[in-house]
């Protein structure tokens, strides 16, 4: 589905970086782990073609992403950002409907089918009751869910998510990740930057570790989620435990 | 969804027509209603014909088009800068126009050249701000806004300089221009043409503008060619404002409050907001100009005084209500 | 310590203040000139003025008219008549004075234009002890009055009297010749953008009535009001006259020609009045009034 070809991201403060030759297949969900400032957001933007790489290229369905129009790209891949801008009081439903923008010609208005898709996405994100509210009145978690609803309405084959569980309570964290999981099961792919190793361990099939010095390694999660690698990644001692056959990671602290 | 709002838009169009009729009916000379129907059907006295067809009609049309242009330009600037407080002049365009127009007045040239100078000054200021903001490559809405505000205050200083050093008898003309005045509006044909063409151009772009208002990155993720669209908005808003300033000097507040008011009535969808703003901005300016012509008749006020007097309380009220 | 010293100084200070106050209040026994200006203030000069500052082009012009032009040491911008006036050092514009430059000229009298000069700056100058005479001529009578007053201030009474008399007689003559003629309704245009005229209080309006003209906007409150074109059309004046900027043929008058319903347009009674002759309350205003009278007579003889 997506492939990077000797890709080196453009981060001016970091002259030496590993070239990524990375393959994202349908049915895979990738978790990007790395400390603050490692370049997770930049990597997502570069994959989406919204930020030019220093060298190398991103291939979408074997074609350079730059060869697609913006509209074609948006039909193939969608992006959820960490923050949303809402200087203007659009309604929740109108905002969700923006997910249909890549599919409509300029003179077309949204059809009933489009509206149904948006409403369905809002229902999945448990936002139906808010559909006529202004986005300016939403809480942080509601905004995050709305951003995911836009992505579901957009319905691309490749989902790029920058910390999708940001601002979410536990129930909604699970709900959101389960929906993403379902989408991947249905043949799509997801790439998400995550902070929580345990969520990544549960919901991702593959992991990419992004080190602040520019190194990167990637592969299946069972190979990647090893204590020494993670401790080096976060420069933090970790402890592990096994519950119900799953390995859990916790930061070690001398206090308590 | 958009179509549900069409009845309200039609109502607004009816109000616009009524206001224009009012503008034809009222003036410093009182005319009976019959005289209008008589003149419009080709009868009526020569004086009535002159008053209505030669003086009031072109002025009402010019006022409407100018108000419409300013309101649309304001709505566009607000999207471009992702800032609901932006107005058509926020990027220093009126300042450039004003300096050029005042220089033309000082040189003692005629109305036509003053207007031409204003147009040239507006475009110059546009290119200046654009060059400074985008010249270094990466330009954000904030950088553009900051550049515009600084350039605008530069123009402001030049305006003060020109006012301070001009002769007494030239001052009224200059002040009237700065406050906005429609008494010497040129033929309304060009402003109307631009208004209609730009609206037809913008309505299909409305959905894109909606998306753009959510931020440049989000818009790009939804398939908008952000740079291209932003350039187009910038260019169009500048052109609209330049024409409005050329017709009537720098009239404040229309471009700021009309998009706000319309968002309260029609919601935020640009596809309906832009035509609604055009209608409401036009109506507001016709109304303000009619008031400017009659409140102390036969003496005249610059229309900018009335729009600001109407605009300031309305705007403050909105701000107060939004904060609650 | 500072406090105690202050208490010692205080009585001295009070004494000084009292002395200064009495000096101000006491009339100058030796005053050569005692004169009331147009604001009603009484001004006393020890001797006639020898180094004068003129704060308006019309004052400069009037001083030259009474032969006192050589006594002006400083003038404001646009003091351009007569030709010799252009040689006088400038001390700013009428609305923005160069106080330092003015004081450096060591004037013994400032002639100020009451409604035109900035009050704060004049107060500053008064505070420096320079005598100020305020003028505000708004009528024919006020012009001859100003000429005579300037004569007294400069000791040129004889020349001033001659100039004032000539002005008065000229005005009387015009009045005798034209005031009883058929009244002509006139729209006098002062400015084009915005459209401005003048009310009955204005000197030009007095000139119009001297010539038997009737200012159609005499009743308005403002001296130089902005008015609507509509009312001019509805009033339908017999004559439209006015100046322009500079002496060129005014495009202003041309712009009325498209309104065919106007009597003034139908009968081609659109007249240009050279603005330099009517814009200042000086003896030249009489020449301007003569031109106005001639034009109105031509209108009557149509």
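First chain written, first letter: the chains are A, B and C, and each begins at residue 1.
To be clear about the criterion, contacts are C-beta pairs under 8 Å (C-beta built on N, C-alpha and C of every residue); 3 or more make two chains touch, one makes a residue touch a chain.
Computed from a predicted structure; not experimentally measured.
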item	value
Chain contact graph, described as a line, ring, star, complete graph or other shape	line
Most distant chain from subunit C, judged by the mean position of its C-alpha atoms	A
Distance from the mean Cα position of subunit C to that of subunit A, given in whole angstrom	79
Averaged-CA centre spacing for the pair subunit C and subunit B, given as whole angstrom	41
Whole-Å gap between the CA centroids of subunit A and subunit B	43
Partner subunit B, residues of subunit A touching it in the complex	45, 48, 50, 69-75, 78-79, 81, 84-91, 93-95, 97-99, 101-102, 104, 106-107, 109-110, 115, 150, 154
Subunit B to subunit A touching residues, read off their complex	1-3, 78, 82-84, 204-205, 207-208, 210-211, 213-215, 217-218, 220-225, 263, 267-269, 271
Touching residues (chain side subunit C, partner subunit B) in the complex	78, 93-96, 116, 190-196, 217, 220, 222, 224-231, 233-234, 236, 245-246, 251, 258-261, 279
Interfacial residue positions of subunit B with respect to subunit C in the complex	27-29, 46-47, 49-51, 54-56, 108, 110-111, 114, 164-165, 167-170, 172-173, 176-177, 181, 183-184, 293, 297-302
